[in-house]
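One structure, as structure tokens, below. Some questions next.
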Amino acid sequence: MAKLKWGMIGGGEGSQIGPAHRLGALADGRFEFVAGALDHRPDVGREYAQRLGLAADRAYGDWQEMLAGEKDRSDRINLVTVATPNSTHFEITKAFLEAGFNVLCEKPMTMTVEEGEEIQKIAAKSDAICAVNYCYSAYPMVRQARDMVRLGEIGKVRLVVTNFSHGHHGDATDADNPRVRWRYDPAMAGVSGQFADCGIHALHMASFIVGDEVETLSADFASTIPSRELEDDAMVNFRMSGGTVGRLWTSSVAIGRQHGFEIQIFGETGGLRWASEQPNQLIYTPVGGRTQIIEKGEGGLHPDAQRLSRVAIAHPEGFPLAVANIYCDLADAIAGETRDGLPTAEAGLRSMAAVHAAVRSAKENGAWVDARPPMFR
Amino acid sequence: MAKLKWGMIGGGEGSQIGPAHRLGALADGRFEFVAGALDHRPDVGREYAQRLGLAADRAYGDWQEMLAGEKDRSDRINLVTVATPNSTHFEITKAFLEAGFNVLCEKPMTMTVEEGEEIQKIAAKSDAICAVNYCYSAYPMVRQARDMVRLGEIGKVRLVVTNFSHGHHGDATDADNPRVRWRYDPAMAGVSGQFADCGIHALHMASFIVGDEVETLSADFASTIPSRELEDDAMVNFRMSGGTVGRLWTSSVAIGRQHGFEIQIFGETGGLRWASEQPNQLIYTPVGGRTQIIEKGEGGLHPDAQRLSRVAIAHPEGFPLAVANIYCDLADAIAGETRDGLPTAEAGLRSMAAVHAAVRSAKENGAWVDARPPMFR
Amino acid sequence: MAKLKWGMIGGGEGSQIGPAHRLGALADGRFEFVAGALDHRPDVGREYAQRLGLAADRAYGDWQEMLAGEKDRSDRINLVTVATPNSTHFEITKAFLEAGFNVLCEKPMTMTVEEGEEIQKIAAKSDAICAVNYCYSAYPMVRQARDMVRLGEIGKVRLVVTNFSHGHHGDATDADNPRVRWRYDPAMAGVSGQFADCGIHALHMASFIVGDEVETLSADFASTIPSRELEDDAMVNFRMSGGTVGRLWTSSVAIGRQHGFEIQIFGETGGLRWASEQPNQLIYTPVGGRTQIIEKGEGGLHPDAQRLSRVAIAHPEGFPLAVANIYCDLADAIAGETRDGLPTAEAGLRSMAAVHAAVRSAKENGAWVDARPPMFR
Amino acid sequence: MAKLKWGMIGGGEGSQIGPAHRLGALADGRFEFVAGALDHRPDVGREYAQRLGLAADRAYGDWQEMLAGEKDRSDRINLVTVATPNSTHFEITKAFLEAGFNVLCEKPMTMTVEEGEEIQKIAAKSDAICAVNYCYSAYPMVRQARDMVRLGEIGKVRLVVTNFSHGHHGDATDADNPRVRWRYDPAMAGVSGQFADCGIHALHMASFIVGDEVETLSADFASTIPSRELEDDAMVNFRMSGGTVGRLWTSSVAIGRQHGFEIQIFGETGGLRWASEQPNQLIYTPVGGRTQIIEKGEGGLHPDAQRLSRVAIAHPEGFPLAVANIYCDLADAIAGETRDGLPTAEAGLRSMAAVHAAVRSAKENGAWVDARPPMFR
């Protein structure tokens, strides 16, 4: 099994998500890291890339240079990860896709719905894979939840309740710190702050597990730190294509919560609960029965969960391995094996459309609006 | 210290809340149980009352008989508890209050806002105490939270997030069971199902801890079991007088949750978290600091929490003792000592007004409405 | 149902265990508190008793006066609770038992094995009940565990692992504080410190749930604060009559643990886990199956657990209600209904014999010794 | 930074620990997997190695072939991992060490104390690194605990209490399954079953965190499934060089526990608690203060914990990353940077000596014995 060749844009030294991609891509030995444009400062990026072991000629200064350099190589990269700030995702993803590269784009895939539709159209026509890094969906117990729902083990889903809330932007005295400030500034962050940053994962996961799409929604946004233009706290109620009721809370001022991403799914014959801070357990209650703990790696899991359980039961697996699972699915997909758990451009587009819909609803005092991208109405 | 004389209406054999009142009223030895009209079937009520040790002449057949019997006795009861179904609270409470009895009324205090205002007016003019059994507010760690907020220990409160959700009405095959059915039938339950039943506790507690009133709200109701006319799941966003943002979720179809009543309060300099299934701990995180566990009964609690901690640290205290704390506060109040933690008719009125407001908002697709009773606008 | 008359010795104002007894005895309204000798200072005891509502002539100065005063009354007490310091339990219990009173004695029942055997002999010959306050055994979920074991639901028990450890005596700078000091001084505490104080509960519970007796044991004691003569930390390995292996750890220097009393029972076909800080849940795992949470008050509990669940599922019940359950069982037993869950003088004797055996073993470097009282060998 | 060359012996397809080594060695991109003798069946091992991407000439049939093949290559491996069954560790480790290779040996390092001393002597004289895979010690929060103890943040350690218990061998009907059976057969497993397999990790960690050695111990072993010759449950009390009291329980019949490895460290001024199923939190209680939660990745951790926190706070990191941390430390050590957290041959020897001492003590009814290897007495 020869290794696939992998390149990365963004994720430079000191970046938040860069290490998780490298750990995730390399852990299984299926990708070899061969090319990168890692930093917005060309020299810094080149130097860091070489320190990470890239050859000098593939330690690029920027993504255009990288695209040009890789395009015509016989040993060109099989996959490029886009882990730059949000506003650059669209143009980079588009350019690489159009050149026939497989792309793993960080969330949010684009800034606007129009851009999202454009990526979706390119991806639909292309042989190249366009995946979006909704990596929480690759935890084995999330895949287990999804398959339990699919197989009817909790009956028709009535209700999904999810939240992704933390308190890391709760310090008003730190609100002007540039590393925090830009996130609530529309000039840099776009139409939404906390919801586009974290809530979007919860929104995606609701669809991922339930298997239906968010159709309409009503939102309440708040900037609890008054100097912020964009929301640092949001509540979104929604309805899904199959009739499921949804409730999603996201906050960055929930002091005391770390990365509190949780989801509860309530069906006609059972309930499920999963939390990202305890990702190796899935809590299941059959209606009228006792609550049970389903463990990653236990016997009798559904196949996707079994496949993605890497080490023995009760040896915890964490975030970097969830990212690694995305890369495994990508390696399989590149090898021609369909991996329907892999989040696609369509998922990226749908969640971005929902973000925009929520912004609109919040402005209109919670009016119910269509959450779907125009092309899917 | 002579014991106070206590009577009870409702709470007959097999009732849900009756035992908690008896355990709570008797535990501290400050009340003596002397009179009751315990059942809607006069004979059954009389018989049960005597089995519980009441004298035959004070084991009444109905509340009218009890009012007549007690009114002119020299040793008449010092307190009556109203633990009958919701639709009777108003007339019973009114009648006893007007006769000068101290009343502890179960929630919801009334069915309509108008009735609530009437009780409030009577109570305001009377020397008699009218309390409402928002008993969760009497857990020591809830009182600790309230005093921490009051004393500025988490700064100005930005956000309160609470839920009271269970799954005990999640079985559709049981939905026609009369014990469940009436709760979602407007003829019997009034304007609201789950929100008036459980959500109301969460709504009260938000005000209780934050110290401000709910002013406006927007609601999304769902009947996830289609045969239900009233909601079995609700989400309410609100704003409080001091500007605090509120989010409240309540459900009776959340299979796997038992009595999951939780509240999180996020202020400028800290966050708090309390859950009724672990009532003896209060989770506190100062901004930028580590999460700490505050234990009931530990040294240095605020006075109200200290006073209501009955047994040594880490010996758990549960729901019956929270109810007992309400009775302690009542005994003190009857003795003339002000207990500002005791939930009053005003609290009963305000929460009922909010229920009606939520019903209206839900009907109007989540329109923001005034949540205050007219008399307090 | 006329109330039973109840008296108390010890448990004066400010005592640790007094409030739990009063809450427990009164909560169910089956006992009336009518007599007491509550304090080692006669005047203080008399005054406090009257403040608690006792008649002046039954607010006694000491237990001898109380025995004399009650003995010949026609309305004499039906039950006396002995909640004085350990060294007085024997003579008080003996005197009241011999006068035909039912007694609830605090643990440890006596200081020596000889005294224990004497109480056991008196109790065996008498019609009076002699119970010992191993109150943790009265939590509904402990009764559930016991009945599950009895009914073979986890198969033959192989192993029981328990600990009762806290850190409240872990501060060396506080070790000379008289309220702490006496506990580690043989002149006042007897042969054992922490093991006789807390470990004894764990020892009792192992037998209570498994249904077999401790036969032999080997102990390792430590005085981790060197100024202490008696142990503040102990580990005891034991074997039970049915062959079950036992392991018991108890400590008072486990800083960070509150009243960490836990027990795990492992049988051939399943395991159970219960912890006193979460007393309303029993964790059960069938061999080869998933861990389940059994909730107090859920449908289908075994009868004893069902009977002692007082309020609805998921409304927590705590330590005072466990004590109340002991009083319920006593009220039933006094009324002639056998309550085999009630801990008896035999249990008090057996656990005291095991304490003495552990002390001997620890002195002999962990030699295995017979843990049974001579009369039961 | 050129990659180091890495080889592996054992860890073939379907092995338990193989995947964790590969994930761990590759995740950080510091090692390149170039050589292996992965299976006890030469052909199977060669084939699998090639499937994992090794060149045909470095996909060896057995370790002797591998040693011969690598010894004289200019690009020979910089590190070899020994992940074969226990009885082969000694000869393989010895052979590679003597040939000057750096070795990471799985635990237990050897079967006998004599072998352990021999490895220790070879390692002491050699420039090559000999590390033992006590990988739990590489979790960031374990390193944090160690540094807190070192820096006196909990004062002199009085007591360490640890257990490593699971229930995966609790099914008697499965006891003759060969995959389980050999573990309790002295012919294959050596002198000890569960203690040498899991208890040894707990033993190592006690020393690792406390910073002292186990000097004497007393053990109680049980074969709770009677057909087993070796113990499936053990309790070991010990004393450390600095006077610390130790208590260690390990079991494989604790049905309901998964990989319940926990450690509590109690010092004069504070207590710590860490559990492998929640490895990203360290629970800390200062004496007289409140319990706090220390999170992996939070600001202000001690340097080693900070360095080994890979992704942002509250993104969980699990077992494979703990193994990766061992490989990081090895890569650094190979590069000449001292990593004193890396478990050495001395640690491997000391823990093996303690296992043998425990076996002896258990046979002698818990007699206290010297736990140190002769060469360190």
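Some notes on this structure:
Going in written order, the chains are labelled A, B, C and D, and every chain counts its residues from 1.
Following the convention adopted for this analysis, a residue touches a chain if its C-beta (ideal position, glycine included) is under 8 Å from a C-beta of that chain, and two chains touch if they have at least 3 such contacts.
In UniProt terms, the chains line up like this: A, B, C, D = Predicted dehydrogenase.
All of these numbers come straight from a predicted model, not from anything done at the bench.
As for how the two copies chain B and chain C face one another, over half of their interface residue numbers coincide. Which listed pair repeats A-D comes down to matching contact pairs by residue number; over half match for B-C among A-C, C-D or B-C. Our note on geometry: chain A versus chain B, Cα centroid distance of 42 Å, whole angstroms. Centre-to-centre spacing of chain B and chain C amounts to 35 Å, using the average Cα coordinate of each chain.
Centres computed as Cα averages put chain B at a distance of 54 Å from chain D. Looking at chain D, one finds that residues 291, 295 touch two or more other chains. Residues 1-3, 16, 19-20, 22-23, 26-29, 33, 51-53, 166, 168, 258-260, 276-280, 295, 310-321, 324 of chain B touch chain C in their complex.
Residues of chain B that touch chain A in their complex: 154, 158-159, 161, 165, 167, 170-172, 218, 220, 222, 224-225, 233, 235, 237, 245, 247, 249, 251, 253-257, 264, 266-268, 270-273, 283-288, 291, 365-368. Chain D meets chain B in the complex at residues 290-295, 298.
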